[in-house]
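What follows is a pair of complexes built around subunit A, which joins subunit B in one and subunit C in the other.
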Partner chain A sequence: MKMLRSETSRTVLSLGLLAGAFILFTGAVGMIAAFHEREVVDRFISLGQLLLMLAPFVAAYLGATRLDAQGVGAQAMLGGGIIVGLITAMPTVILLLFNSDEFRFLLDLTLKLIPFVVATVYARRLHKSGSDQRLIIGSWLAIVVLIGIVTFSFALIFEIKGDLRSVLPNISRDWVDVVTFDNRNELMTGIFALLLVSAGAGAAGGIVYNIPPVPRKALLYGLGVTLLVGAFGETVRLILQENVDRDTLKQIFRRDTLRQNPALLLFVVSTVAGYLWAMFGQQARYGFTNLEPSRRRAVNGVGMLIFAGLLLMLPWLIGRTLSDVAVTIGIFVLMGLGLNIAIGLAGLLDLGYVTNYAVGAYILAVLTSIGPLGRLDGVFTFWMVIPLALLAAMCAGFIFAVPVLRMRGDYLAIATLGFGEIIGKLAISDWLKPLIGGAQGVQAIPKPIFLGIELKNPEQLYYIVLAASLVTLFVSIRLNNSRTGRQWMAIREDEDVATAMGIDTARAKLLAFTLSAATGGVAGAIFAAKVGTVFPNSFTVFISINVLSLIIVGGIASNPGIVVGAVVLIGLPELLREFSDFRFLMYGALLVIMMIKRPQGFIPSKLVTHEIRAGVKAKPAVAD
Partner chain B sequence: MFKWNTDDFSWVDFTIDVLRVIIVLGVVIGAWNTLSSGRISFAQWVNLFAAGLSQGSIYALIALGYTLVYGILLMINFAHGEVFMAGAFSTVFLAEALNRTGFLNAQPLLAILLMIAFAGLVSMSVAILLERIAYRPLRGSPRLVPLITAIGASFFLQYTFRGLYGSGFKAYPGVNALQGAIVIGGISIPVVQVFVFCAALVLMLCLYWLVERTRIGKAMRAVSENKEVARLMGIDIDWVIMFTFGVGGFLAGSAGVINGLFRPQGVNFYMGFIPGIKAFTAAVLGGIGNIPGAMLGGLFLGVIEAIGPNLVLAGLGIPGANQLKDVIAFTMLVLVLIFRPQGILGERLSETKA
Partner chain C sequence: MALLEVNDIHTYYGNIHALKGVSFEVDSGEIIALIGSNGAGKTTTLRTICGLMAPRDGSVLYDGEDISAARADTLVGKGISMVPEGRGVFAKLTVEENLDMGAFTRRDAGVKDDLKGAYELFPRLEERKRQVAGTLSGGEQQMLAIARALMAKPRLLLLDEPSMGLAPVLVDGVFDTVQRIANEGVTILLVEQNAHMALQIADRGYVLQSGEVAISDTAANLRENETVQKTYLGID
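This part shows the complex of A and B:
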């Protein structure tokens, strides 16, 4: 008991349990089984298994960091790593036992014992703190009854349903296969394998912490690159396909997975590269900062040129499938930049951004469609409608903004959310069906035609999105530094003070909503042209949440942050299809974690960082 | 209502006034058309009213959770709809199990009580975990920060339960005792509606007793009045806040069971989102932070939602009016937030709260 109380063992225990809970959770929601479908290295390791090992590894590494701070030696860190690994595996092992036929009685027993154990532990604590007898007995009874209702009900459910799987569908054979490393039939062997792997990963975490910094960096870098390339094997293959001949490709990939030898080669090469960077990177950076300003500008300029060239050449480099993803990302970059005008610059949390997107899409659909709902017979072309979509979205933004001008921050958020839902319900209703097609939506939207060429491929549409994004980026940078931008910032920080300074807050807020809506409208119109059909189901609150998440994760009021946020949050689920089922799980968790741990985002804007450092309430730019 | 004084003429006010006139005119014309056409008989109106009242009592139970938390922390617990879903979705399995053993139809009252307790406790645990993990670290930050966290938590919970229990709809088994209808003066009202209303009423009375008559209720009121002073008086603020989330969660979970028995289409992971927003509407309607207000607001919203489409929208010649039920509810939300953010019974609240 005493040993458990020491700081060292508490660190080990809590980290192990945290990682164990993570593994258990990802298993129960089906992540591990889904990720197992994706092999990182051919016939060697899958993404699901990687997840199983990564958790104890990271936990042990963090544990070693903390143990080091407590002044524990290297050997103890190794031991600590192994114990963290074993503890990490424990919850999964217990669930495996509960799920097996021989040990199911354990589940029943545990569920029936839990209330008594919890109540007794609590009563003991009360007893030690010197509470009176009646209170102790009373709370013991109360806890037994309250927890008992839940656990006995669960026991009843599992007893009548027969097994865990009929309630928790993801505690399935697939899951058992992954966590026992294909030893479903010999459960004990499987459990042993799991414990071994987990302890090994934990030990590795402890060891890696103890090797000197330069090789450690190189090793982690090499490992990271190899695993990333492996996990995104399909994407990498699609890119290589455009530039490498078929035979070489076959030697590197078996269908979409990296073969073992190329993986090893990649690991060695990237480790060496990482070693060189760890040795000389500092020097290179130092040399760069010590260059004369004119030289430095030249180097920066060349870098920018290469980047611009890459951006222009992108569709040729990555091929059709990935260009399609790039267009989707571009549409979300557009929306992110647009919504950022409201959220980031003016501090107005607009949760109904999908409204503008829908307006833009439906305007384009109805005006250009050559199907039954488009009664205008191709009078309007894509290029004529884009400005109209922009205007219509601005009008919609204006109309929805006027009623909410007087509202306080959180009410405004809920009211705009309400608008989004209203638009969604109206789009699907019978009332507007003659106009916009109800649940069937509008079909047969022609592709844009540019100088006589029909832009029907994603490679070509990419340029439209790119142009629109660049324009929006330019406008939003200019706005940020303009008089209006300063007014928005003032409103964001404190509306009352802004009013007192003589700012027409109503006008400034309206402008923010309207401009932000305009971008959403253009994004919607491009989306409609890309997909060719517009359904009400494409315009749900999930779009707004998507855009909100990418802004928060990237960095509020930070343009580069939003671009990176869009690439990661939109690109990742598109490229890793196993991920897409869990995208909102991930977004939700990210929103919570970011708000608690890093409210300024991953690539924060300078101003927001400055505000947080200066202690102007250690929170992001979204003010009250 | 109209300020034609040019000195303080504000075009925002003007636009909002115009909006007000349009809405009043729409409601009056729609209602007049429907009533004069006599398309819907008196008995049908009564039925709609009763259905609205039962639906509204479910909203009221959820709304109480919003109001309790808002009263104490001044934050909108956006994830409360998911707390409701957690209880309802988990209890489907218990209901199925009880149905298979035959206990559900042999002892309907006991079985339903057990289900309510189970759902309430599950939701309570979710609410307490939510407070502990997501909201407590953010106490004292600007209002929008916990709101964004709550939105994140809401989607996280939805997809967690989707992962745990699967994405399909699961229906509560029918209870024989709740089938059939009561006939009063030629108007028949389904038993299940009466049951829903009474169950919700009992729970609300229990809450009222808890808040007004017990020690912990007194502590809750003290914390909501002034946290610092309450702390000085020796009240454990963290414990009171946790308890408040727990009570709100319990009510939401029990509302989940009642809702499951009331609505045959079943439960799934997304079931909490729309009722959550509607319950928030109900809470604002009654004056957020105000417990009787939330009850009244819920009932009011339920009735408006049931009667509104048939009375106003159908009268304005809009086809498929019942599809637009949600539109009525969300329009109510926006209208209340514009015209009377302090709600019907909100006068008691100070400026800082509403």
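This part shows the complex of A and C:
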């Protein structure tokens, strides 16, 4: 008992249990079994197995960091890592035992013991605090009965049904296969394998922490690159497909899975690259900052040119499927940049951004459709409607801004949320059905035609999105550094003080809402042209939430942050389609982790960094 | 003629009758102190004058013009500048950006010179002009708030509790500064709980009590007034 109280053992125990709970949870929701379907390296390791190893590895590595801070030696860290690994496997082992025919009685026993144990612990506590004898006995009985009803019924269910699946449907044979490393019929061997792998991963975590920084960085880099390429094998193959001939591709991939030898090669190459970077990267950066300003500008310029070239060539490099994803990302970048004017610059929490998206999409749909709802055959082209969509969205933004001008913060958010819902209801209403088709929506929207070429592929549409994004980016950078931008900044900081500075806050807010809406309209129009049909179902509150999330995850008021946020929150889920519902679990987990570990976003803007630093330091020393 | 004339104003927070007919005058070049305890209506009076709240009854005349219905942001251009309660500096902007915001309504070429003037008045701010305002100490933030209000080149400066939350050493400094600003010809309306300090630099003073002017007199007389001494100066 005393040993458990030492800080070292507590660290090991808590991290191990945390990782164990993670494995147990992902197993119970079916993630491990689903991830097992995707092989990272052909016939070597699956994503599910990787998850099983990654948890103890990371836990042991974190444990080593903490043990190091407690002044524990390298050997003890190795031991600690092994123990963390064993503890990580424990909850899964227990569940395996409960799930097996031979050891089901253990579950039965546990369930039947729980009420008595809980009641006794509680009674002891009452006893220690000197309660009345009758009260102690009374509460003991009450607890046994109350908890007993629940646990005994579960025991009964398990006895009748014969396995755990009646309560935990994902504790399936597939799951057992993964966690026992295909030893379903030899349970003891399977458990032993799990413990061995888990302890090994834990030990690796402890060891990796103790190797010198340069090779460690190289190793982690190599592992990371290889596993990422393996995990996103399908995506990587799609990219290679564009640039490599079929036979080579066949040697690298077996269907979507990375073969063993290329994986090994990739690991070696990326480790060496990581090693070189770890050795000389610092020097290179140092050399760069010490260059003459003109030279440095030249290097920067070359970098920018390469980047611009890559942006322009992107569709050819990544092929059709990924270009489609890129267009979707671009549409959301467009909306992110727009919403950022309201949220990031002016501090107006707008949760109804989907309104502008819907207005833009429907304007384009109705004006250009060649289906039954389009009565204006061929009069309007895509290019004519884009400015109209922009204007219409601005009008919508203006109209919806007027009633909420006096609202602030949370109230504003709720009101705008309502507007988003109103638009959704209007789109599906019978009242507007003759015009916009109600639930059937508008069909047969022609693709844009540019110089006689029909832009029907995502590779071509990509350039429209790119151009629109660049224009928006330019405008928003200019706005940020303008008098208007400073007005918004002042309003975001303190509306009353802004007024006291002579700023007409009502006008500035109207302007922010209106300009913010503009790009939403363009994004909607491009979306409509891309998909070719517009349904009310496409315009839900989730669009608003997605745009807001990508701004926050990327870094509020930071333009590069918005691009990164869109790639992570919109692009990754598209690439992970095969994991269906688990995408949203991961999406949610990412949001929570980001908000705890990096609230300023991936690429924070200068202002927000100010704010966070100010939050740490701003203890006004009164007697200064 | 008085620069500012407040005639029998009644201001409400919803149904709460906060100001029950407050009247007073501020002449050009004067320092006027409004003193009173918490909830007497001092800040409400200031907010009503500068347009953040509208009086339900009564009028506010500035330079002979009725401004009781004017919007707050338009008054800055007319020469009324306010240092809000709790300083209200823009915490995320640098000192210099804050000062720039103060000159927001101005488009004349004199802004640069005035920035220099502000740094002469507060050398401390020049040392920290690239620092983010939120990291300044309380005293420095107060200086910044005053300097920012001066950047609008006001004729009338409204100060809301400039001594609030400051150490006694710093309070002296703040009142010194206010005196110096007044010497340059800016008319000052000062709202203060620290009656002792306020009445030392003021020409005249008004004592507010539950939304009404209870006493009005010269500052010298108020310092000697028995009620004022007992209630606001802590002298028995």
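One rule holds in what follows: the second predicted complex is superposed on the first by the 533 of 624 C-alpha atoms of A that agree within 3 Å, B and C clash if a C-alpha of one lies under 4 Å from a C-alpha of the other, contacts with A are read in each partner's own complex, and residues count from 1 in each chain.
By definition in this document, a residue touches a chain if its C-beta (ideal position, glycine included) is under 8 Å from a C-beta of that chain, and two chains touch if they have at least 3 such contacts.
Note that this is a predicted model, so its numbers are computed, not measured.
**Q** Quick one: classify A:I149 as touching subunit B (first), subunit C (second), both or neither.
**A** A:I149 sits against subunit B, while subunit C stays out of touch.
**Q** Determine, under the contact definition given at the top, whether A:V29 touches first (subunit B), second (subunit C), both, or neither.
**A** Only subunit B is touched by A:V29; subunit C is not.
**Q** May I ask you to decide whether A:L590 touches subunit B, subunit C, both, or neither, giving the answer as first, second, both or neither?
**A** first
**Q** Would you check which partner chain A:M489 touches, where first means subunit B only, second means subunit C only, and both and neither mean what they say?
**A** Second partner only.
**Q** Please work out whether A:G301 is in contact with subunit B alone, subunit C alone, both, or neither, and reply first, second, both or neither.
**A** neither
**Q** I'd like to know which partner A:I503 touches here: subunit B for first, subunit C for second, both or neither.
**A** second
**Q** Across the two complexes, what residues of subunit A are contacted by subunit B and by subunit C?
**A** Shared contact residues on subunit A: 617-618, 620, 622-624.
**Q** What part of subunit A is in contact with subunit B in the complex they form?
**A** 25, 28-31, 146, 149-150, 153, 156-157, 159-161, 167-170, 347, 349, 351, 402-411, 413-415, 417-419, 421-422, 425-426, 428-431, 506, 541, 545, 548-549, 552, 582, 584-585, 587-592, 595-596, 599, 617-620, 622-624
**Q** Using the touch definition from the top, list the residues of subunit C that touch subunit A in their complex.
**A** Spelled out, the residues of subunit C in touch with subunit A are 50-52, 71-77, 81-82, 84, 88, 90-93, 97, 100-102, 104-105, 132, 134-141, 148, 152, 165-167, 169-170.
**Q** Spell out the part of subunit B that touches subunit A in their complex, as residue ranges.
**A** 10, 12, 15-16, 19, 75-76, 93-94, 96-98, 100-101, 114, 117-118, 121-122, 125, 133-134, 137-138, 141-149, 151-160, 162-166, 273-274, 277, 280-281, 284, 318-320, 323-324, 326-327, 330-331, 333-334, 337-338, 341
**Q** Could you pull out which subunit A residues touch subunit C in their complex?
**A** Interface residues on subunit A, with respect to subunit C: 483, 486-487, 489-490, 493-494, 496-497, 499-505, 607, 610-611, 613-615, 617-618, 620-624.
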